[in-house]
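Okay, got some structures for you below.
Both of the next two complexes hold subunit A, though its partner changes from subunit B to subunit C.
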Partner chain A sequence: MRHNVTLKKIYLILIGLSFLSIIFFMSAWLVRYYPHIAGNMHLPNIQKAILNILSERTGQMVAMIISALLISSTSLTFQTLTHNRILTPASLGFDAIFAVTQTLLVAGLGFVHVFLTNVYFNFILSSLIMLGIILLMYQMVLRKNKNNIIFLLLVGIVISSMALSLSNVIQSMLSDDAFYQLQSLTTVTITNINRELVYLLMPFVILIAFLIYRGHRTYDVMALGESQASNLGVNYQQESKRALIYIALAIAMTTALVGPLSFLGLLAVNLAREITKRYEHKHLFITSALISIIFLFFGQVVIELTHYQTTLTTVINLVGGIYMINLLIRKDKTI
Partner chain B sequence: MIKRRIIIVFVFVILLITSLLIGVDQRVTFINLITFDQMTWRIFLLSRLPRTIVIILCATGLSIAGMIMHALGRNKFISPSTSGATDAALLGIVLYYLLIPGQSTLVKFIFSFTFAMIATLLLLMITNRVKFKSSIYIPLIGMMIASVIGAMTTLLAQRFQLLQVLNQLRVGSFAHINIINAQLLWVLVPALVMGILYAEKFNIIALGIDFSKNLGVNYKLVMMMGLLIVSTISASTYIVVGPLPFLGLVVPNLLSIYLGDNLKKNMMDVALFGSSFVLLNDIIARLVRFPGETSISFIMGISGAIIFFYLIAQKVKSA
Partner chain C sequence: MIEVKNITHQYGKLKTLDDVSIVFKDQKITGVIGANGAGKSTLLGIVSRLIKPLSGTVHVDGVNVKGMKGHDLAKRIAILKQSNQVNIKITVRELVSLGRFPHSKGRLTTNDITMIDEALNYLALEELQHRYLDELSGGQKQRVFLAMILAQDTQYILLDEPLNNLDLRYGIEMMSLLRRIVKDYGKTVILVLHDINFAGAFCDELVAMKNGAIIKVGDANAVIVKSVLDEVYNHNFKVCCLDNQQVVLYENSDE
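Now for the complex of A and B:
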């Protein structure tokens, strides 16, 4: 009974904090523009500007919530599949695959092609290509090696470094115009999100998040290990393949939407484990999603208040990495 | 045994000559060299020869550093680039530009050396404290440290408008090498000599702390020596050339499949093979869009990755 009470408390605190962070985010621009709008609220163009800012912020907010949801849930599932706490799907090198996809598109189609300049086409095309590459990787590695995820991981690391080099070589051979086009395509951040795309993606995201969440009981069993899970009647091979496909889909979406945020999932899931001290995926899914929302929004607010001197990716990599190293050093552990 | 050595030397010599004769200036040919054409010899001595020598020095240094790190970390996947040492060296260089720019290269070296040393120590500390289910996790942690250090470097660069410098530093190239700016590589000489002198002790260290104590080897001293050597090599090659990905990982691994793990015996082969590998990559980098030049980092990123992939596949097959 006592256990449930503390869990409820944790939920309440986390929900409160995430609301607070969202409110902070929605009002952070006020700090900068307050002198301009104070006393001028009655002017029509000021009102219009405020509305503009608010609708832009809403788009960003939705995108950030989407990413937080997908990143934390895929990280948790991935950690269950690999039986390891220091991995995320980002360790498979998805951001590099995204960069190389865009580079190949620019090099292959020419930089003014409608598939590139139209956001929807580009998004759908690059998501499909990424999904294709990832599934190919799974097929190659998993069929031959019977779910050897460590192997998949190493392949991912190698492929990501290779993809990065390859895209750099191709980039050095592009014309200047094509290069700038490519730059604008590959440097996605939260501040230059495409709003229409965000709303378009909403239903898909909800569907995937629901599908992942629905499997929480299966994942609880799968966390016990392959033979135990098989004994308890879970088709381990099939379930893990399905989970990997969900992960691939979700990562393709978030990378194309907000760019790479590799350490966020690691940070959120491990913090969730530490705070709740529970093993049920049901609780971990929710708490880790809330924690990543808190980190994303507070991080973005801090960056905004320091006048964009750095990017969210850098800050999250720094905080998340230090936390992970600290976690590893703090006590003798087997991982 | 001898036959293999002959093949390696033969390949090395061919690549060496090719590397010397490739370049934008078409006058550098055999005939002009033999007839002592003055202009040809000037280009040869001021640009071609230093470049090739630097390639050989850096390749030898990093391959041997990789081999030593495999022994120190008792893991085949550790190398300067997968332990954070390279990124820490970069952080040191960036800090140097921020704090006391304009000093001699030696000061720059001391900065980046210190940081490379700290990062390597951190990783070895973690690997000694944490028990790993699979040896593959160690380079993963190394890369995690590397990305944290990388994030710090980026943060500093963003804050102080050094991003352009940073982007330049992150790309390795032999293009700008001449006699003057490669002088720092003198520090490689003592490092390599020490490496050869301590080779057998590194082998003993690789057996573990208890074994090495039993065999009368001062574990801490040898460990420290190895760290000094590896950090010297990583920092100095980074300053002169920039990053050469996969070199310290791929070359010692490939050779240890065929030759075993005897450090002292393998040193010559590793040096020759590593040099051949980098020479070949450099030749490709120079020819991909001749007369322009592509960075060798990228070419090595691709070729090294392919070899590494092969190595992993082998390992999985045998496991």
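Now for the complex of A and C:
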């Protein structure tokens, strides 16, 4: 029973911290603009500016919550499928595939093509391409090797280095304008988020997050390994294929929204495991999502207060990288 | 009753099972013996549907396994493989609770909880139930997995080399436990064993396999005879009878 009390406490603290971080984020701009606003609140253009900032902030907030939710749940599911706690979907080369997809689109269609400049078309196209590639990989590798996810990872490493070199080569051949267009497409950050895309994605995100969350009991069993899961009546092949599709879709969405944030998932899921000391995906999904939110929002606040000296991606990857090294050299390897 | 009919299975070009047919008797412990690569684990895997055969059928209680849904089969047959590397932070009780998954899909009812308590009690794991699995010894872990299978509440229990990595004491304990389970619950146990004397002491029926085929089926004293064992293992055994049980000794070829 002591078990449950601590879990409740953990939930309360994490929820409290998440709210705090969101409130900090929503009011961080005040620190910077306070001198301009103070005493000028009655001016109509100042009021308009404040409203503008608030609506921009709301868009960013929604995007960050979406990303936190998707990144943590996909990382957790992916770790369950691979029975490994230091892998994230980025290990399959998703980030690199996103980059090369955008590069090929810019090079192939021309940078002013409607498929590129229209965020919706671009998003749908790149999501479909990413989904296609992951399914192709599944078909080619997993079918023949009977669910050998380690082999899939090796293919992922090869594909991502190939994809990165390919996009580098193509980029060097692009015109200056096309290159800048590509840069703005591939180096997405929270600061230059596309608000229309955020609201468009909302329903899909809720659907995907729900679909992943719904499988939490099955994932509990799958974490025991393929033979145990089959013994308990789970169709392991089918379930892992389905989970991979969800992961591919979710990664396409987050990468298009906030750019690659691979270490965030690693950080959040492992911290969730360490804090809760539970195996149930139900608890891990929720706690890791909350931890992601805390990291994203506090991180963004820190960056704003330091006047955008660096990007959130850099900070998170730095913290995540240090944590990963810590994970690797630690003796206790149980998840 | 488990009926295996004309099962053939291949890994690449290597035939691991060649037209194998056998009926496993109910409420008995059946031991499968044979050298490495004889097809013992493959046979168990096919019965439990972990492995798909090239041809042939498996009927459980008269129903073809092929047409059964995963969770329906999981209510009838449980299988424990030789390696049970679980690397998640899970307590003994939580793992045993997962044994109820085919019945409850993870939403435990009061009936499930009764079954879990009974399984933990039966295997004397109550003291350990809130410990994490990775804190236990090999013998204790094996008992936890057996408790999980018991909670799964299947008529048939298949065990692939359950005595692997267990010392003599734990090995004897495990086999005595299985005997008790068969006696108390009327379950059917089929297991792969390497130690012939263990098989002779604890199994009702033995199946001797070689190169993907069954050489001999019968009660322990009918299978543990020099002619059968010499053929199965290509070795010159010394077989004698002690207190009405056939015992095997090995030949030291240096002598």
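Heads up, the rule we're going with is that the second predicted complex is superposed on the first by the 331 of 335 C-alpha atoms of A that agree within 3 Å, B and C clash if a C-alpha of one lies under 4 Å from a C-alpha of the other, contacts with A are read in each partner's own complex, and residues count from 1 in each chain.
Heads up, the rule we're going with is that contacts are C-beta pairs under 8 Å (C-beta built on N, C-alpha and C of every residue); 3 or more make two chains touch, one makes a residue touch a chain.
Model, not experiment: these values are computed from the prediction.
Asker: In the overlaid three-chain picture, which partner chain does A:287 touch, first (subunit B) or second (subunit C), both, or neither?
Answerer: neither
Asker: If we overlay the two complexes on their shared chain A, which of subunit B and subunit C does A:279 touch? Say first, second, both or neither.
Answerer: It touches subunit C, and subunit B stays clear.
Asker: Based on the superposed arrangement, let me know which partner A:225 touches: subunit B (first), subunit C (second), both, or neither?
Answerer: Only subunit C is touched by A:225; subunit B is not.
Asker: Pick one for A:74: touches subunit B only (first), subunit C only (second), both, or neither.
Answerer: In the superposition, A:74 contacts neither subunit B nor subunit C.
Asker: Between subunit B and subunit C, point out the one touching more subunit A residues.
Answerer: B
Asker: Now for A:217: first (subunit B), second (subunit C), both, or neither, which partner does it touch?
Answerer: Touch status of A:217: second partner only.
Asker: Tell me which partner A:168 touches in the superposition: subunit B (first), subunit C (second), both or neither.
Answerer: So A:168 only meets subunit B here.
Asker: Have a look at where A:235 lands relative to subunit B and subunit C in the superposition and call it first, second, both or neither.
Answerer: Once the two structures are laid over each other on A, A:235 reaches subunit C alone.
Asker: Is A:101 in contact with subunit B, with subunit C, with both, or with neither (first, second, both, neither)?
Answerer: In the superposition, A:101 touches no partner, neither subunit B nor subunit C.
Asker: Do subunit B and subunit C touch any of the same residues on subunit A, and if so, which?
Answerer: Residues 333-335 of subunit A touch both subunit B and subunit C.
Asker: Could you pull out which subunit B residues touch subunit A in their complex?
Answerer: 122, 125-126, 129-134, 136-137, 140-141, 143-145, 147-148, 150-152, 154-155, 158-159, 245-246, 288-289, 294-295, 297-302, 305-306, 308-309, 312, 316
Asker: Can you list the subunit C residues touching subunit A in their complex?
Answerer: 48-50, 69-75, 78-81, 84-90, 94-95, 98-99, 101-102, 105-107, 130, 132, 134, 152
Asker: Which positions of subunit A touch subunit C when the two form their complex?
Answerer: For this pair, the touching residues of subunit A are 3, 83, 217-218, 220-221, 223-225, 227-228, 230-235, 273, 277-280, 333-335.
Asker: Quick check on the complex: what are the subunit A residues that touch subunit B?
Answerer: Contacts found on subunit A: 84, 86-87, 91, 145, 148, 150-151, 153-155, 157-159, 161-162, 164-166, 168-169, 172-173, 262-263, 309-311, 314-315, 317-318, 321-322, 324-325, 328-329, 332-335.
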